[in-house]
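Notes follow the structure.
Chains: A, B, C and D, in written order; residue numbering restarts at 1 for each.
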Amino acid sequence: MYDVLVKNGKIVTADAVTEGNIAIKEGRIAAVLTKGEEPEATNVIDAAGKYVFPGAIDTHAHLNDPGFEWREDYEHGTAAAALGGYTTVIDMPLQNDPCMTDAKAFDFKENKVSPNAYVDYCFWGGLTSYNFGDLKDLDEKGCVSFKSFIGPVSPDYESLNYGQAMEAMDMIKEFDGRAGFHCEDYAIIKNQEKRMKEAGRNDWKAFLESRPVVAEIVATDAIIEIAKATGCKAHICHVSHPAVAKKIKAAQDEGYDITAETCTHYLTFSNEDVIEKGPLYKCAPILQPKEAVEEMWEYVKAGVFSGIASDHSPCSYDEKFNEILGNKIETVFDVWGGCSGIQSGFQAAFSEGVVKRGVCPTVLANAMSVLPAKAFGIYGKKGDIKPGFDADLLIVDPNKEWEITEESLLYVNKISAFVGLKGKGLPVMTLVRGNVIAKDGKVIAKKGVGELVKKLK
Amino acid sequence: MYDVLVKNGKIVTADAVTEGNIAIKEGRIAAVLTKGEEPEATNVIDAAGKYVFPGAIDTHAHLNDPGFEWREDYEHGTAAAALGGYTTVIDMPLQNDPCMTDAKAFDFKENKVSPNAYVDYCFWGGLTSYNFGDLKDLDEKGCVSFKSFIGPVSPDYESLNYGQAMEAMDMIKEFDGRAGFHCEDYAIIKNQEKRMKEAGRNDWKAFLESRPVVAEIVATDAIIEIAKATGCKAHICHVSHPAVAKKIKAAQDEGYDITAETCTHYLTFSNEDVIEKGPLYKCAPILQPKEAVEEMWEYVKAGVFSGIASDHSPCSYDEKFNEILGNKIETVFDVWGGCSGIQSGFQAAFSEGVVKRGVCPTVLANAMSVLPAKAFGIYGKKGDIKPGFDADLLIVDPNKEWEITEESLLYVNKISAFVGLKGKGLPVMTLVRGNVIAKDGKVIAKKGVGELVKKLK
Amino acid sequence: MYDVLVKNGKIVTADAVTEGNIAIKEGRIAAVLTKGEEPEATNVIDAAGKYVFPGAIDTHAHLNDPGFEWREDYEHGTAAAALGGYTTVIDMPLQNDPCMTDAKAFDFKENKVSPNAYVDYCFWGGLTSYNFGDLKDLDEKGCVSFKSFIGPVSPDYESLNYGQAMEAMDMIKEFDGRAGFHCEDYAIIKNQEKRMKEAGRNDWKAFLESRPVVAEIVATDAIIEIAKATGCKAHICHVSHPAVAKKIKAAQDEGYDITAETCTHYLTFSNEDVIEKGPLYKCAPILQPKEAVEEMWEYVKAGVFSGIASDHSPCSYDEKFNEILGNKIETVFDVWGGCSGIQSGFQAAFSEGVVKRGVCPTVLANAMSVLPAKAFGIYGKKGDIKPGFDADLLIVDPNKEWEITEESLLYVNKISAFVGLKGKGLPVMTLVRGNVIAKDGKVIAKKGVGELVKKLK
Amino acid sequence: MYDVLVKNGKIVTADAVTEGNIAIKEGRIAAVLTKGEEPEATNVIDAAGKYVFPGAIDTHAHLNDPGFEWREDYEHGTAAAALGGYTTVIDMPLQNDPCMTDAKAFDFKENKVSPNAYVDYCFWGGLTSYNFGDLKDLDEKGCVSFKSFIGPVSPDYESLNYGQAMEAMDMIKEFDGRAGFHCEDYAIIKNQEKRMKEAGRNDWKAFLESRPVVAEIVATDAIIEIAKATGCKAHICHVSHPAVAKKIKAAQDEGYDITAETCTHYLTFSNEDVIEKGPLYKCAPILQPKEAVEEMWEYVKAGVFSGIASDHSPCSYDEKFNEILGNKIETVFDVWGGCSGIQSGFQAAFSEGVVKRGVCPTVLANAMSVLPAKAFGIYGKKGDIKPGFDADLLIVDPNKEWEITEESLLYVNKISAFVGLKGKGLPVMTLVRGNVIAKDGKVIAKKGVGELVKKLK
């Protein structure tokens, strides 16, 4: 007698779409069965006509909890993730108070957030200039990777320079960890911004010019070379442009273990949105030209990305339009950067990819579940529809049309670049370890059902 | 109630090695279950301590039946395959009488061989200068690919020149088929051989010099370029050298659907074996230097090969040492070319790869099952351990040591380059569609259990 | 007292355009002097306002003499070359009777043509299946390179297959020679032509489709690989397409001594000319699309080509429009292939390159004089404006506008694809070893002034 | 009547070595003549049996004058250059007081040094964070390029970060200038040094580890990408390693105007010298392994380098062994970095290249004269043996053996890594604009004969 049987669905894995059933016991997939094989189960879910995806993994999200709960918290953020289809969220170490830079912060955070999570979560470890001595501890605690910035991003979290990156990678290599980087060259960004300001520019085009793609290329090149020199595994966060993806693919083709992610917004929106609509489309790296968006999909199809992340970077309405922490927003450069997208990531990727561009659903299963789980060391438990894996499933109705509205957002702050987007193909049920968390657009589980996932050893 | 339950094994797929059980009903995998999930079954097989691989697919074998049964026939050849672990053999269209060049030959062969097969089999369609008009028919009959020669190989089967290859690929592309080629430039081989003979050479080094790697490179380059120009899917047969693999990988990295296979002998033996031991090590392309063998394994690991084939090319003892069809063997150039390896392919690959070189078993599952099944259009039925797939399984005892002896060979002609090879890791049970065909070194099924497999549409 | 002083010209070399004077004694450049240095000379030529180029070298021309003088002969062909600005013509070994395939033919030809030549000439040695034993002799006689066909071209001259090419290159490497090839894969061309005919096609588009660029790519790839394998220097004749140039540049960038030439017609005309105007624009390889023409100029600028040749391939009017050697022309495939361009090569290249596309004159000096002389082993004597070099000079009026007319052609057969072409920049004087051969559109020397040039040892 | 005639020498240019004569009038080459052409001249120099090179150009030297004359000054530094064969020295803007960062400093320096120079000199313009507004002025004054540091090098001269480099290149591109960089990533170097110190390391191996080649690769990659993005011409200073040269060659092969130089010491010494002999072999980038040295010569032959510079970085004995500006040298990191090599550059390159490794003399003429002159905009006046060019000549006796001794050094400080080096092939006469500056190991001109050379417009 199984706990749950999901039957008659079109099961999507990285290899194929096949009809079949999934039996779940004690939170894990106990059996994957052919169509017709219907062992008894307490709860039988009929997925006829629908896709059953492995739950998506958001490799990059900022849930801001603890410390900045007025931007986002675990209760709201993971509820949105659950509705959207991310069954595991790899939470970023910064915009947290304290930052996730030592074992104590790990425990503190875990205690704080675990009662409120709707989906499972991993922690990125912090990687800053001052916590090199804590990296091994954090790895032992279960951090799945370590995140640092090469570019200037967050006031509460120092960026690394390339020398520190090299030192960190020498250390992380020791315990076979992975080092992840926000790759925009710090100095290029800072100086371009300064130039724009000196030129009296305060328009969205100036913002775009302040973050030229060469900044992303330079930093990515540097991290790739340092990864080659140290032998450390690297992860390039939120790749925005095909010229960057090309560099990463070249290193992968040479055989280096250098993974990367892109984000749904880089596969959906363009720089024209920034110019036309402004604040909500400000993020870093920037949104790129339309032709670049098309080319990015080619790299998704080629398997270059271990993650189509949300880079969910929420903020209050004021922080986009009025002031941030008491500082008035006077120019485009002051506006909070970040797209809130954790709820929309999967459905937008499905609609833009599978529906609009004819991408095979297997590509999304690979890019959003299998490859991220492998990159972050949780494959075996997460990331696939196989016996023994956690029963994290996402049932998608491929024919359902949708438009994203503010009211539908479960975030603390109901603003997003995705509001107004229309598409087709909607998650209609989300299971995390066999529990139905969301159904028909509503979160139906009790909070606290989400659990911490540690890197598998 | 299932027919068979294979339990407690370490199930090997392309992604992972996990403990679990496999339930089989009516020849197909009905369920893949976590360890401990043991539904009732008529026949329970305990695989504790053993690997359970998806049955290997031999993408390239010459079974010579009908027409040349004194070299090999389906009864002996597929029995050997079964013992060795190839559960599907993709049989070559030549050294058959008639050659598999039209629909009639397809039916004739199918009728002749089906009563004798121990494992499942696909047919390569013939691709010669005179049967372009039959290609579509053969595709509809179920041929999984079409095989031609660029190099001079077989007296009963005309090679194509590059122009004919282009025309054929234009036609095969129409029905989304795949064109496979023995890539050694005809003229280079022929002329090098002539030069050796003119120089009075009759030594094994001369034979090696008569087939320089540049011949393989030139032909492979040409087929790659023609594939790019026509848009037809291509398959490069029996790649022997890393310089060739490099060219193929480059095309794959650019996104072209160009698959390739290597053979176990190219991963096991070297040109020194040819020089020292002669006739049994003569094959085409030739065995390469030891460093090349090591590099070939890197390309296996990188996923370049959709197949580690046997290129089983049997002959009588006389054809290696005395005379062929009445013609005396007077020089190294006259000796029959071909290694008989269908029985040894998997175990040698396992021993040389997993045991000796630390290759992960998942690499073999990918290279010998998943990728071949995808390349030849039978994935979904063959090539993986997933519900709905045929229950083709290979149980391997990783600790069993072995030495290959003549007596152990099931071939019509008990000669092989593999005789004398020692290693570790042995197939101890082979299932085809749920039937136990071989067990503990013996074939235990009745002949005729093997079935034709057609390309899936 | 010098024989000649060319003064006040803008001297063009591969490095720079500088004003200065050139003093000539006994046929050679005795001194290159700064402007103002005007030693006495019997004949003072004022080149003020004009460019003084090193005489251009036509790396590829068919003068057809002896044997086919009704198509072209030395008297007419070299007169046209002189007028056009090619001061050295490297004459092809075929469409000669006898072909230039042994030392006897060399002497015979030299005796026959030397009384009639207006410019200097080198001989390509023949490279056919039957004269491998004569190659060393021909090299010693002074042949500057050896020419063979990979594609099907000439009825009187057998093409080599890749095996023969390899054998030949092994031999030519022995005396450090260079092997040149017409690179179009024989079988692709032949088979495409057959397909067109079978489809009942007889239009110029069909002709173009019968010689797809992949044929040129395949043959070029093969020759490059064979050159790498043998270590022999190679020359790729008349490159028509940037995809081919890209392959050659890649090999050059890797450090291989693989030279190539293109032709003026590939830098001037496009496939549209073939379709619109037919017979006179038929050549092999074919004229390519306009975008390809633009890209070809980039490869010229990058220094990839050691020669912008004429591939002068003259024929009678009948052979383009009525019949060839008694065979009626019934289809586009029967029409004589070849453009007559030896008179127009330099001026068209100057007009299309320097005038229309802003190419620096130094680029032409490099591509048409320096690099060809180096590739063919005559640098030191030919190819540059330096003391000790032969005083082969070409004075060009950059402002003179022109239109090519039939009447202006000095060929035996006054037909050419270039008739009707308009442009700017015209050779107004040509000197060969200090002799003024042509002046103001007229040949003024006596025939026989041209001499044989042998490869320097 | 000419001023000077250099006769009977083997004139070396980038293209060829030919016997001939050179007539000089008013400091410039008035004529280049064939052997035997011997116009009258006041001073006839017989160079029989010797090479006549175009004077070498030292693209990178620190003469330290004004401001640090106790390290080196124009009198001593240019005397050494003259003896060694550098007829033009491109002097670095730093270790000057004032630094060459504005027009005033240009004039001040020119006034100060011009009375003391024995060879001609150009000025690198300074490129620091604070003088962007002066770049155009400096260009107009005649600076041939602009030099900045990416790595941490000099206390008196701020390094640029990549953002400032980008801004600077946007500006320099406006007047078609060239931006040169010391490419070692600042942060990697600084941090590696810190790590070594923290580990208590104070050995020469630690110094080498503090400057890993990845630092040079990262900075070079970044400058290449910024050059591509801005369209500005770039120059990579003192390339030490073939992995860096490979990156530069790739960009050059793509068609970008990115030049580079290496130094004689990178072609002569190895990291073993540093470990064995210490202080005098400390420089930045570091000396590399012996295999790297061999590979560097391949890049020289391939024409990748526009300059084999000295990077003459003199210091007092104390600064290598005791103290620098009052600071005690306590560790390997404190030792002054820099090799004094301006006197030895040509002879070491000739001996190591032409004599030891069989490099053609033309390669040196190209790498040390032609390409540097082109890269720095002084070709036409400097860098070649052509009429109209300055008569800067270097007469080399290829058979003369030598050993470098302290006493022979003309520097202010007679210390150098080159002391003790033995070789063959020695400059025996140096002419600058027709003046014999040095002869048979002695400087024989009066100081002040050297002149400023401005970038040609």
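Everything below uses one rule, namely that a residue touches a chain if its C-beta (ideal position, glycine included) is under 8 Å from a C-beta of that chain, and two chains touch if they have at least 3 such contacts.
Since the model is a prediction, treat every value here as computed from it, not as a measurement.
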Looking at Cα centroids only, farthest away from chain B lies chain D
Indicate the whole-number Å distance between the mean C-alpha point of chain B and the mean C-alpha point of chain C. 51
Centroid of chain A to centroid of chain B, CA atoms only: how many Å? 42
How many angstrom between the C-alpha centroids of chain C and chain A? 60
Expected list for chain B, residues touching two or more other chains, is none
Touch graph across the chains, line, ring, star, complete or other? ring
Pull out all the chain pairs that touch, please. A-B, A-D, B-C, C-D
Touch list for chain A against partner chain B, complex: 13-16, 18-21, 23, 25, 28-35, 37, 39, 249, 253, 255, 298, 302, 370, 374, 379-380, 384, 386-388
Taking the touch rule as given, give the residues of chain B at its contact with chain C in the complex, in rising order. 161-164, 166-167, 185-192, 195, 212-214, 217-218, 221-222, 225-226, 228-229
